[in-house]
Amino acid sequence: MRFARTYKALGVAAVLALSLSACGGGTDTGNGNGGGDTTKVITANSTEPGNGLLPANTNEVGGGRVMDLIFSGLVSYDAKGAIVNELAESIESTDSQNYTIKIKAGETFSDGSPITAKNFVDAWNFGAAAKNAQLNSYFFESIKGYDKVSAEGSTEDKMEGLKVVDDTTFTVALAQPESDFKLRLGYTAFYPLPESAYADPKAFGENPVGNGPYKLAADGWKHEVSITLVPNDKYKGPRAPKNGGVTFKIFSNFDAAYTDVKSDNLDILDQVPPSGLQNYKTDFEGRYVNQPYAGNATMTIPSYLPEFQGEAGLLRRQAISMAIDRQQIIDKIFYGNKKIAADFTSPVIDGYNANIPGAEVLKFDAAKAKETWAKAEAISPWPAGKVFTISSNIDGAGNKEYITAMANQISTNLGIKAELNPIPTFKEMRALVNSKKLTGASRAGWQADYPSLYNFLGPLYGTGAGSNDGDYSSAAFDAKLKEGLAATSVEDGNKIFNESQEILLKDLPVVPLWYQAVQGVWSNNVNTVPFGWNGVPLYNEVTAK
Amino acid sequence: MSENLTPENEPRKPGTATPRLGKSSTRVIEHFVAPLEETPLAAVDKVDESGAPLSLWAEAWRNLRKQPLFIISAVLIVLVVVVAAFPQWFASVDPTSCTLDNSAEGPRSGHPMGFTLQGCDVYARMIHGTRASLMVGIFTTLGVLIIGGTMGALAGYYGGWLDSILARLGDIFFALPLILGAIVMMQLPAFRDNRSVWTVVAVLVVFGWPQIARITRGAVIENRNSDYVTAAKALGLSRFSALVKHVLPNSLAPIIVVASISLGTFIVAEATLSFLGLGLPQSIMSWGNDIAAAQPQVRNNPAVLLWPAVALSITVLSFIMLGDALRDALDPKARKR
Amino acid sequence: MLMFTFRRILQLIPVFFGATLLVYFLVFVTPGDPIAALSGGKPMAPAVEAALRAQYNLDQPFWVQYGLYLKNLVTLNLGQTFSGQEVSAVIIRAFPVTARLAIMALIFEAFFGILFGVIAGLRKGKLFDSTVLVASLVVIAVPTFVLGFVLQLVIGVQLGWARPTVSGTAPWNELVLPALVLGLVSLAYVIRLTRASISENMNADYVRTATAKGLSRRRVVVVHILRNSLIPVITFLGADLGSLMGGAIVTEGIFNVPGIGNLVYQAVLKGESATVVAVVGLLVIVFVVANLAVDLLYAVLDPRIRYV
């Protein structure tokens, strides 16, 4: 009975979402932007993609934003992060473990070749197989048979969980029930590939043929300079372009991009650099956005540090958390452009709860912090002269300032010496984290791959999970995660995931700081630019003036 | 290489009179020569051998201390050194007690230069940053002068294979990206755990010497064939002594110029290294570090950047003036005027 | 002279190999794990990690890695970047841009540096001399990342005299402002070197002779004083060409110039030895050739200097 109701509710939601977006996307000008020129090309900032443009090999924003425009998966995410059917006709499951996926008939890639169920199954198998060494391969780990194809040295490239039923139907069997599997399907790794991709994947990555609202222009990728996309007339989905194309200009420095938008040389910048945070609202009056996206900032305190073990360790973590005046840092260092954290996820995500019991520990309280620290001292004293360090790679802009401010606050409020430990390169930082050689806390943060609470919890705090930098392990938390995944609906799952967060707040393996927000600006040449749940502009919605 | 200094003219033999051509006179020309004893010219013109001979350097020093340029620069440098040695005499505020309550506040009583983004007192940080900055500047400059100067002088003076090896070594070091070298050097066991001014100095010297070396080499090549060098060698001076006593002192002008400017650029280079996490630890204050940290606020709060930059400018200015004075003092031709 | 040039070119071979070996070693010993960084902090399947390590020979000891690199080098294969591109292609795209930028900066600093230096040297202690000194101080004391940023804002955005950033092809005219910023610090050196040299030579005997001969002041300055004052300046400029190319990291970032400065900077951060080695190898060649040119110029400027 319960299953049936859930299924229906999901179906209604999907249909509703589809029809709503059809209204928005089907017509050319009716989006409240006051019309605009639909033939003009817009320009936007980007970074050089880290790899060839293959779905399962694109794991960073520079390539991701291009992939999301030139490919279309089973579903896509709207501005709020809700899933909208793209190629999927329906995605059905009664047990959250076995899914039957029907795709729309008659859809084609930009080169005219038809899109069938086989294109999905082959692409996913390709992405998962160890021999292809695709960076996103772990995204397929929940599919039955992944362990075989992903084993080191494996030559197998067919997961037993994927079966083509007919041209428009395939089934997916997972190794265990996962209630948020549907939510993942809009992620880059799950895009289909045309047959032509496999002959020479490297060449394909340079010149990909996709099925998204745009396609790569002839000779469109000028490395380190620009990526030019033109509308794909074969695309029939909900994200139809309202402009004549998008040209991404590659920047290595956001200050440069900022001045470019300011002088109307560039249309969209999706990240105001630190030097502009104080001024962008006046520099771009009526032409900016400041909205939260699915990302957060935290500070990891590794469980292997001797000073942070047991009862005293927990008290210390709590004291440190309460010693940080988050709001002040947000106001002074970020000029108010962040939102104080109340949990481990992000308010953009469906199911977010701002009032999880135990969140008091995230509130600034200097007196209580001192008191808690004193309690820990009574159990086992802090080593004399030891500096509490917060490690961070500083090859990215803007980390140094807030960590220095945080260290100053901890020093003042707890009476110990706290300091930023600058790590010159990201690769050194990752090596320190992976080899468990951190000698203090470290900067951390998460940007969601797909809009799901689980994505903020499972990969980060599950025992032995891939991004569990602090080596946190809690049987109770693991059990809750499993329970949440086994739920038969996203809603039920979310409820349980939020319960699991209560355990995290008690244990405090990391100190949540704030939720990320995107600050974007645009030139005088375009109308209002909408931004998505992940902080990326919805390029296809942008209209030129 | 050859010395192209063989005189073309045959020396004339003494005592052979040139026969006069044309109309000859029969008149005898009388010569009157004053007896030497009558005017004791030799005694007057004689070099006073009883006084100690003045070396080039002693003479330069005698000259230097009379120059106003030198006096001004010396006073400035002494002032900066005193600030570096005893910062607490000049700033009573603790430069490390920073609170965001004061973030980017303007000047007020007791805090004449306002506050940084982190809420630290700009004046106190400027005063306390003097020591590290000055040490980096002076010791790096000394280091590159010693290493680069020696290498360049030897390469330029002796030429040949020594020149080839030293100059090519310089080329390799020149081409190495500073940041790569700094990353590697900073993780050497000796440097990793006790970062200080000396680690920064070491990195900058290792990657900074080729410039001085090339300048020295060029100047030495220019001077090694001069007449006075040949003369000195003809007088029996060894090749090496000629280099040290004659060629080098005459090659100093460009070296002094480059060194005095480099002093400033080394202080700024420390900023770049610190900015990249490869320089001074957070607890050591420096002008460079503060300048780098102030960059994002340059539009809204330029004063935070301005003050350490002014301090840096004054220091560089005093060293440039000192260099100018020293150069003038060492140049005997300039002295006449 | 020809022999001398030939010998010098021959020296390139050991220098090139010495430099590549040194750089390869330096990148090898930089701390950190380049493959772990590729995942961007997200998980990575162990098999994928192993495969990538093997692809870039990172699972091999140093000498094997370097040997494999040399082996490829013989066939003019410079290896691949972590993004799967050919290093040779990347460099062919980036190098001409940086070369243009550096040459423009060099011309800028040589022209204005010598001009201002001569005037300042001839009028030592006068207003022009002091003004130039103060301006040099600003350039020395304010780092490029601040100065460039401010100039970009003022000239590029507020005054609109130049594009604030460079477009993809980086044509000459768009590189004027970046070249100016790049050449500023060196300009200070050139001015002061020229000034010192000029004021030193002004008192030389040959100058007095030339003046006594009745030559015009202009001729005395340009033909006699300047020619004899240029050796330190030329030395500096020759060494600076290479520094301008390798050290344009900050300037290229500010003006978004797709050159080798930023390329090598990113490659160092990522631990991408193939790119770093190739760029440094190229820079070494630039240094050796520029220094050769300087040495030959010595002989032109000063007939007493001869090479055999």
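So that you can tell them apart, the chains are marked A, B and C in the order they are listed, and the count of residues begins at 1 in each.
Simple rule for what comes next: contacts are C-beta pairs under 8 Å (C-beta built on N, C-alpha and C of every residue); 3 or more make two chains touch, one makes a residue touch a chain.
This one's a predicted model, so the numbers in the text were calculated from it and none came from an experiment.
Of all chains shown, the one whose average CA position lies nearest the global CA mean is C. For the pairs B-C and A-B, the count of C-beta pairs in contact is higher at B-C. For the pair chain A and chain C, the distance between mean C-alpha positions equals 40 Å.
In this assembly, the C-alpha centroid of chain B lies 23 Å from the C-alpha centroid of chain C. Distance from the chain A centre to the chain B centre is 54 Å, each centre being the mean of its Cα atoms. The multi-chain contact residues of chain A, meaning those touching 2 or more other chains, are 275, 395, 424-425. Counting partners per residue, chain B has 183, 295, 298-299 as the residues that reach two or more other chains. Of all residues in chain C, those touching 2 or more other chains are 30-31, 149, 153, listed in ascending order. Of all residues in chain B, only 1-2, 4, 164, 167-168, 171-172, 174-181, 183-184, 187, 210-211, 214-215, 217-219, 221-222, 225-226, 253-254, 256-258, 260-261, 264-265, 268, 271-272, 288, 291-292, 295, 298-299, 305, 309-310, 312-313, 316-317, 320, 324, 327, 331, 333-334, 336-337 touch chain C in the complex they form. Interface residues of chain C, counted against chain A in their complex, comprise 30-34, 36-48, 50-52, 55, 82-85, 89-90, 93-94, 149, 152-153, 156-157, 160, 163-165, 168-169, 252-256, 258, 262-263, 266, 269-271. The part of chain A that touches chain C in the complex is made up of residues 48-52, 59-60, 130-131, 133-135, 137-138, 141, 150-154, 202, 205, 222-226, 249-253, 255-257, 259-260, 262-263, 265, 275, 395, 424-431, 434, 449, 459, 465-467. Of all residues in chain B, only 97-101, 103-104, 117-119, 183, 186, 276-278, 281-283, 293, 295-300 touch chain A in the complex they form. Of all the residues in chain C, the ones that touch chain B in their complex are 7, 11, 14-15, 18-19, 22-23, 26-27, 29-31, 133, 136-138, 140-143, 145-146, 149-150, 153, 185, 188-189, 192-193, 196-197, 199-200, 203-204, 231-232, 234-236, 238-239, 242-243, 246-247, 249, 264-265, 268, 276, 280, 283-284, 286-288, 291, 294, 298, 302, 304-308.
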